[in-house]
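Here come two complexes built around chain A, the first alongside chain B, the second alongside chain C.
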Partner chain A sequence: MSQYRVLPGPEHFLPPAAASMGVYLPNPGEAHINGVIAPEEKAYEEAARQFLMAKVPTIFPGPLVLWAWNEKAAKKATAIRHLYNTLKECVQPGQKPMLIPMPDYRPKYPKINPEVEINPNHPNLTIWHNKIDCCMFVGVHCHQANLSLKIIRGGTSCYTIAMCAQAGHEDAMLSFRDASVEKIMKLADWVKKLKGTVQPRLATAKNGASS
Partner chain B sequence: MSKERIKISEDLYDIMPSDYQDLVKSATYGKEDRGWKDIGNSKELIEQHSLCAGCPESMAFRYILASLPNPEDTVMVGSTGCTSLVFPMVAVHNIHSLFGNQNAIASGLKRALSVRFPDRVKDVVVLAGDGATVDIGLDMTLQAWFRQEKFTTICFDNELYANTGGQESGLMQKGFVAKMAPVGKLFDKVRLPEIARESGCHYVVNCTVSKPSLVEKVIRNAVHIAREIGPTYLQLYTPCILEIGKNSMEGLQEMRDSEKPTERFAYKEYISEPAKQLLAEMAAKDKERKAAAKQLAGQA
Partner chain C sequence: MADTHSVIGTKNKKGQTYTDTWKMMNEAPRTPSFFTGSEVIKEAVRRASCDVMIAYPITPQSEAAALIGELFAEGYIGDYFRGESEFAVMSQCAGAAFGGARVFTTTAGPGTMRAMENFPMWAGARLPIQMIVTCRGINSPLSIQPDTLEIAYLLNTGMLVWHAETAQDFFDWILKGYMVSEEPDVHLPLALCCDGFFVTHTKDVVNLTPADMCLPPYDPYRSPVPCMDMECPPVRMMRDPFVMKSNYISYATHASWQQEIWAAIERSRKHSIHWLNGLIDAENTDADIVIVASGTAVSQGREAIRLLEDEGVRCGLIKVKTLRPWPEEEIREATKNAKHIFVPEFNVTGWLAKEIRATIPNHQRVHAGPHVCGGMTMPPEIIVQEIKTALGMKSFSLAGRGS
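Coming up: the complex of A and B.
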């Protein structure tokens, strides 16, 4: 098994693709944590823990769920809203959950507004601006998610989670695969379950996103 | 073709940036008679641009995007140059190709789209600078026309390589001296409209973008003819005010001066016989539609 671990950065300007370091994707029913295959149940717990530990736990919904392509997409959007509302209910004073869209993948120049959106070609801007220290990608096409996750690992210390509808993302620190409405709801249940049991990172302020 | 397909998920609507909400609410996707007159009354398909202030390319972009007959099912193919800085702000699917390859990319794309969506009209429109179209990409430009590929090629002719600081291009005028071409052009402006006609284009227009109504007409014609018959080519003068030493507000006058009957951008048009027939059929249908609408209005 690869010795390489997918950990919060800043790793360096061009972090290697985790796949090139021997990290492989989970099989159905599994997930990965830091590049090591893990049972899915353990990943729910760890993802919920990371969310509840973060100062600014953030969900980044992508085009596959922001746009109502079909009924399934709209239902996922509802589940994501539920997860966000659950986070808001479960965090402690001083923690600030956010829900920031990635509406499309255009390399928007000359600028984006990092307060209201994230762009896969410079996701670090949104992370730095909002001091996001834990984020989850959901509804982002694989190649754009991988690009983005690598940039985040390269330039920030943000913990990344991927709720991937395909085979998972080795470039995230934690990745689910075969994302569905049920899986998003289950993650929300885990957040509820762990409410009050996780110490937020507030005291150790330096641990947040860095530039 | 309709706006029905462009919807934001209800539960995430409020977090979408306002430009996307506006696109869904008031852009003219799906509007049959969309055109330049919608500018100012609806959300434009261009958000902002990073061109020089007053650059006529920005006018051209706005008129073209307002006039595409089928924007939600159109893919534009761009190339490196000043135009490529605008595409990220455009709400029409687009692909950035390697400099000069745009007509090769568009050929494959158009064919793939016809296989993938046999029952849906999909338009492909290339938009590139003169350097990309006539110099480095000339092979790809011509080969696509020889093969009768069914898409439109638009060349923003600013008569030099603007984005890299003013090098000589095939479409530059003879004798012109640019910042990075100090000797002066030694040969004539390449006659690409004539070459396009001889290479098999069914609709060729050479003009400026000083009149939005004219841009609307030629864009609609070019896209419809490409969809039904074969390749079409538009060469639009979008002067680089920066390189020819004009101020921001002088681009329009420069175009007006260059379109006078004796000048190089005097309106020039070629239409093949099958394309003429198609345009006549379209005009007849349009007339019928307008008469029916008038009758309906009279009854109401």
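Coming up: the complex of A and C.
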């Protein structure tokens, strides 16, 4: 097994792809946490715990769920909205859940508005600007998600979660695979279940910003 | 994600049944057939549910490309045409793959070199095109004969690179190759190489799967990148490369993009092991002497081992099946007992020996050779001679025959 661990950064000027460091993707029914294969059930609990610990827990929905291009996408979008609402209900005063879309992958020049969107070519700007310390990617094409996750790990201390509809993401600190409406709803259930049991890191938060 | 509607068990317009690939390759009955490698390529493509095939004639792949034209005439392939050159062909393959088609092409030697600019583009755009490379000489003076030097140039393109030994490998790997390269966590082009003429133009018994079974069609909705769009990367970056924008974030994105391609090659490891039953085949690796080879050099090595056994010298054999992903751990493990490692190759530079030297501890154990090139054959006797010379054993010189 690889000794490399996928941990919150800032890791390096140019961090390696976790796959190149020997980190494998989970098989169906599994997840990975910090680059180590884990039972999916454990990943739900850990993801919910990270959300509830964060000062600014944020969901980044991508084009695959933002646009109602099929019935399943629309249902997933509803589930993601439910997860966001659950987060808002379960956090403590001082925590600020956010829902920031990644509507497309076009490089945004001359300047992105990090208040309203995140972009895979410079995702760290949105993380830094909003002081996001925990985020979840969902509905982002795998290639673009990996670009983002690697850049975020390189330059910020944000904890990254991937709710991937395909094989998962080694470059996230925690990754689900084969994401479905049921899995998103189950994560919301775990957030509810852990409500009030997790101490937010408000006092000690470094706000995800590394600069 | 898109709703995935399973077509397994249904029929295509030619009456072939879309079949679970694992069942088709491992459980379906096989029919022994006596075919040339080119004919085997045709038979594999017949079962591959290809949408588009494009090629430009160049020896020794032309025959395979022409035979696939017959498949088009019979209705097994959606579209088929000859491009204006190899460069045009590979660009046209990209266009078809961007549009969501399963694409197949064939090339060789100077054609591979002429088209080279496209290969990192394919990989960067995550296009799971399959390209057969029937290797031949690339340099001046002209040679159409077998020579594997062009593989060295493919190794750093970001493509998957496999090296088939036999026509049977070819048949199986064409079909299995699509299964690996179309995985969403891989989704890279595959260069499936063989030694031209030795494989393409010689007949061999090949066990074929039933002709009325075919692969499930490609599902472009599982792609890790969105469909082609002039505003969306990678196309946007080709017309408006952000690498031209002088700021750190732009460079970081491009760097991260490149890393992702090589990460995808690493991810293919798991799938390649599953479909190919390992990245290498290894026999008798407890022996002091091991031959490591790829392509038809494996066959010659196997015969050399038989000759050496007659003289009481025991050798192991490692057949390297995938060059990308590179079987680093497997080769390190399989050569750990070897005192001498011989790497016979059909090229002048010895690229496989260099890769192995960079992989294993105590790399002075690697004897880079014997080499032949420019279309020369590699009689097993010269492998025997190389091994016996290194061991300090007396051997006759093949070059001296007839003197």
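Methods note: the second predicted complex is superposed on the first by the 208 of 211 C-alpha atoms of A that agree within 3 Å, B and C clash if a C-alpha of one lies under 4 Å from a C-alpha of the other, contacts with A are read in each partner's own complex, and residues count from 1 in each chain.
Just so it is clear, a contact is a pair of C-beta atoms (placed from the backbone, for glycine too) under 8 Å apart; a residue touches a chain by one contact, two chains touch by 3 or more.
Treat the numbers as computed from the prediction; the structure is a model and nothing was measured.
In the superposition on chain A, A:133 contacts neither chain B nor chain C.
Note on chain A: of its two partners chain C and chain B, the one contacting more of its residues is C. By the touch criterion defined above, A:16 lies against chain C but remains apart from chain B after alignment on the C-alpha atoms of chain A. After overlaying the two complexes on the shared chain, residue contacts for A:46 are found with neither chain B nor chain C. In the superposition on chain A, A:106 contacts both chain B and chain C. When the shared chain is aligned, chain C comes close enough to touch A:143, but chain B does not. Common to the chain B and chain C interfaces on chain A are residues 73, 106-107, 109.
The residues of chain B lying in touch with chain A in their complex are 6-12, 15-17, 20, 50, 85, 87-89. Within the complex formed with chain A, the chain C residues making contact are 1-3, 126, 183-185, 187, 222-226, 231-233, 236-237, 240, 242, 245, 249-250, 252-253, 255-257, 259-260, 262-264, 266-267, 270.
Those residues of chain A that touch chain B in the shared complex are 61, 65-68, 73-74, 76-78, 80-81, 99-101, 103, 106-110, 113, 116-117. Within the complex, the chain A residues that touch chain C are 14, 16-20, 24-25, 63-64, 70-73, 104-107, 109, 120-122, 124-125, 141-144, 146-147, 150-151, 154-155, 165-168, 170-171.
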